[in-house]
Amino acid sequence: MPMPSSDRAPVLVIAEQRAGNLNPVTWETVAAAQALGGAVAVAVAGTGIAGAAAELAAADVAEVLVLEDPALESYTPDGHIAALASLVEQERPGLVLFPHTYQTRDYAPALANRLGGVLIPDCVGAEVRDAGLVLLRPMFQGKFVAEVAPAGPGPHCISFQIGAWRADAAARGGAAATRTVPVSVDGSTIRQRPEAPFQEAKQAVDLTQAERIVAVGRGIKGQEHLPLVQELARALGAEVAASRPICDSGWLPMDRQIGSSGQTVSPKLYVALGISGAIQHLVGMKGSRTIVAVNKDADAPIFEVADYGIVGDLFEVVPALVAALGE
Amino acid sequence: MKIAVCIKQVVTRDWPLRIDESAGWVRDGDASFEMNEPDAYALEEGLRLKERHGGEVVVCSAGPARVAQVIREALARGADRAIHVVSEDLPTADAGVVAEALAAALRDESFDLVLTGLQSDDQGFGETGVILADRLGLPHATIIMEIAADGDGEGRIRVKRELEGGWFQWLSMPTPALLTIQSGINQLRYATLRGIMAAKRKEVRTVPFASPPPSAWNIVALRVPVKDKQTRFVDGPPEAAAAELVRLLRDEARAL
Amino acid sequence: MLIVGGGPAGLAAAYRLATRHRGPGGDPPVVAVLEKSREAGAHMLSGAVLDPSALTDLMPDWRSRGAPVEVPVTEDRIYFLTERRRIPFPVTPPPLRNHGNYVISLNRLVRWLAGQVEAAGVDIFAGFAGAELLYEGDRVVGVRTGDRGIDREGNRKATFEPGVDIRAQVTVLADGVRGNLTKSLVERFRLDGGRLPQVYAVGIKELWDVPAGRLPAGAVIHTLGYPLPHEQFGGGFLYALPDGALSVGFVAGLDYRDPGFDPHSAFQRFKRHPLVAGLLAGGEMVRYGAKALPEGGWHAIPRCHVDGALIVGDAAGFLNSMRLKGIHLAMQSGIAAADAALDALEAWDTSAERLARYAALVESGPIRRELHPVRNVHQAFAGGLLPGLLYSGLSLVTGGWWIRDPMPAHPGHQRMQHVRGERSAAPDAVPVDRRLTFDKLTNVHYSGTRHDEDQPSHLLVQDTDVCRTRCREEYGNPCTRFCPAAVYEMVDARGGGKRLQINASNCVHCKTCDIMDPYQIIDWVPPEGGGGPRYEGM
């Protein structure tokens, strides 16, 4: 692996925080860094981040680096890029790792560019082979996985898809040293002026953002049975989605349709109730992390992509699931 | 307002793609192509801005000769002229190379606004626009869901960004600037017969991509994702199966 | 000049029009082509073995212009299949001989031809469907394109674009087999009066990638017999392209009697025959599609000229079913129509009388020369395979004279028989392994079919009550079987019983339903322009 032999940590993880609260996906990236071997440092940038830094110090890492600067109070790409570019230049890590969040997408590509490289985004895995580091990233909307080898001198910037690593796999080792890294960001060079984030009354559901989805198919028989499904969704904290025939019949709005002519989703949990698993449906959901299928036909193709399956009548299984979740 | 919109030609969604002999790319010699979806929204947004403020919309696409298809489509929808950066190697290139190809074409002209799609349906980098902004020295904002009609009152552009989990944020910045546009920001118009006729007379400037930068990474191999997990069937009467499933989801899959 | 349909017929007409009168004096006429597919050629599905004669007539230098016509037919076999065996025909009957022909992909040929046509100055408007003909009195004066941006309920969406009226001196209808505009024109003027009713077949095809060494490029195989019973018209084909690409298809006459017959499962069954399965083993299906073809021959061709309009290609029925070839005749008819139209334009007279010159050119040219001698073949096949073969052999010897000429025939859908007390004779479903055999929905995925989902159904069923009542009893809803894209489904209705569910966005535009529905209450109309399959290499 092209890692410089220096006494500094060769792997740098960029933590994400908002208003001083650590985004827990950071732990996934810590797990990735640990899995790659070598000393790991975690950096957190912002203001009022002592708590986040202390939390990170519980990780089994060499160091936690703290970048405090008033110009970093609210997130801006210009501010982040300036601060982190200066950090990387001082620390000279071989790899810089990010969780692939909306914020990462916003600044990390430009940061990597400043550092003379290109971010390898949205990776789902990493392997250290004889020939060096190889990253796995989905392509063509998950139809294929590409094995990608970083080239050039580095540092190599890599972001990992959320869920690609498990946060609880991050080893915690007690008390890592915390070091404040001096960065000074000239506020006048920050061109973006952010306003306060706000939540919008959802007009259209964005299923692509849902963590859990309960999807229902023609096995539900009639619109009058939908409350059953909604109840399960509530118990799971999930959004309700459907196969095309359900939306075609107007039982659910079209923006709830999953599949080639609907939404493509990859939630943490996808529960398919009475869905046969036609290829047009599968292409929209097979990237989900955990797939559960309930179908009375043991040969239904949905089971080919399911992690867990119950062969049975959804009218019996769903109420039982609701009950089991209530316990 | 002089607006550049970067559009990419990608393999049609749902095209039954296969991996080629080299196992390093797909067989796209016989594929059908279309305009990358978020780019189509970016183009539409550009056209609407022009309708509101006047000016010019210039589309820029970098890629092999076949990308003329999406250029023509963009002109038919109403773009005023086009720049085609010709390079055979771009489909497999990394985002830095693609951004440089676009930057090379856009640098000579001074645009007030550069729009790109949020990400492409093929390689799915989601970073070409941001790198391009940095190369052009422009401020940028990503995942844009709305562009305010009157700016922020100080001559800056004001845009709405999508954040995670149903959150949004407005921010403003000086122009020239670069925005990456999210699908669904507007409703796409159809190309009209009149537009298609007019497109034939519009200028398409082709420029060679003289000095591509070195690759920052290489695709070693492409493969079909393997499903490593077997389906685990949970048997028994409904109550027992449900209880067991909930346990597995909680403890094993950690999906709850 | 307006041409509707950018297939071989329409593009040949366009090219002829644009190139014939170049040079001193006459400016070329302004020619436009409307094509419903999103890109030129995307709705083309054929075998295909090309007889290059018409292409040569149209464009003598096609070779140097890089036409994708590269693989000459190298061998030519024909088998009679039983369930397990194959019996080679000792000699290939002359009409099936393919010496001098080429194995091609029609949609590549058409895409290339479209480029040539555009370079010659013609506007091709892909993604625009001709929705209806415009008339002044009884004269065709152009075409109205379909509205776009209408939602499922028929309301205008924010993006609504109304259809456009395109007016032309002469409108050439090249809308292919069972074209919606041709259908309405033929009905309005009873252009088929005194002709035999057109009979059709549906061809279902997959493109495969097979391991090297299975069949040499240019090999052509036709089969008769299994899986069809003796009295049914149809057969299989295998055409080998370079690099292990293999076209596998099955053509089934749309005049079958058994309402339980399903052409898609007949095709799957055909692939399981040892001959075919052996060639496909270890290979991969890469594309799927289906399309009807007109098989009625000479006597079923309607009058093809009216005031202001001409009908060409498959829309008119210029196809030699004995040779399973229509591309060259489509092109020949396009050339003839272009010549007749130019003559009419120059004379400032585009009346039916003047345009009748088109009929004269067809009569005196290569089309009649080819179709007339084989004019009774399909009608003979209507009596079953053996009489058909006997007849076709005889008619070749006799030059086509038979006891009765023309022979009587009925529209195919009228031959369908009621479900009798017992189950249909159709064999049980073919096992689907998704390697060799596929279900319809998986297959449709490989046709690249896409429509905007939020639009009204383009399959108009005049009376869905018939579906759940009479048709259910009389025919057992054959639409759920003859449609190769699973568009029609009978689903449980709310208050018990069944109702028809139309999954219009699955439609691969084959036209089978419009043809074969026993009550003739299904009307195929074009969906929003650009929708439909996306064939490539087919």
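Labels for the chains are A, B and C, by order of writing; each one numbers its residues from 1.
Note that a contact is a pair of C-beta atoms (placed from the backbone, for glycine too) under 8 Å apart; a residue touches a chain by one contact, two chains touch by 3 or more.
Being a predicted model, the structure only gives us computed values, none of them experimental.
K.L.:
In terms of Cα-based centroids, which chain occupies the most central position?
P.N.:
Of all chains shown, the one whose C-alpha centroid lies nearest the global centroid is B.
K.L.:
With centres defined by CA atoms only, which chain is the most remote from chain B?
P.N.:
Max centre-to-centre separation from chain B belongs to C.
K.L.:
Just how far, in Å, is the C-alpha centre of chain B from the one of chain A?
P.N.:
Chain A and chain B have C-alpha centres separated by 20 Å.
K.L.:
How many angstrom between the C-alpha centroids of chain C and chain B?
P.N.:
Averaging C-alpha atoms per chain gives centres 38 Å apart.
K.L.:
Taking the mean of the C-alpha atoms as each chain's centre, how many Å separate chain A from chain C?
P.N.:
Whole-Å distance between the two chain centres: 49.
K.L.:
I need the residues of chain C touching at least two other chains; which ones are they?
P.N.:
445, 450
K.L.:
Of all residues in chain A, which are in touch with two or more distinct other chains?
P.N.:
260
K.L.:
Going by the contact rule already set, what residues in chain B reach two or more other chains?
P.N.:
13-14
K.L.:
State the interface residues of chain B toward chain C in the complex, per the touch definition above.
P.N.:
Touching chain C: residues 12-16, 18, 30-32, 69, 187-193, 196-197, 200 of chain B.
K.L.:
Tell me, which parts of chain B touch chain A in their complex?
P.N.:
11, 13-14, 17, 19, 26, 94-96, 99, 121-127, 130-131, 133-135, 139-143, 152, 156, 161-174, 177, 214-225, 227, 229, 231-235, 238-239, 241-243, 245-246, 248-249, 253-256
K.L.:
Report the residues of chain A in contact with chain C in the complex, numbered from low to high.
P.N.:
Listed in rising order, the residues are 218, 221-222, 244-245, 248-249, 254, 260-261, 278-280.
K.L.:
Spell out the part of chain C that touches chain B in their complex, as residue ranges.
P.N.:
That would be residues 39, 42, 123, 125, 127-128, 145, 148-149, 157-159, 161, 164, 166, 209, 284, 286-287, 445-446, 448, 450, 534, 536-537 of chain C.
K.L.:
Any idea which chain C residues touch chain A in the complex?
P.N.:
Checking each residue of chain C against chain A gives 441-442, 445, 450, 453-454, 491-492, 494, 501, 503, 505.
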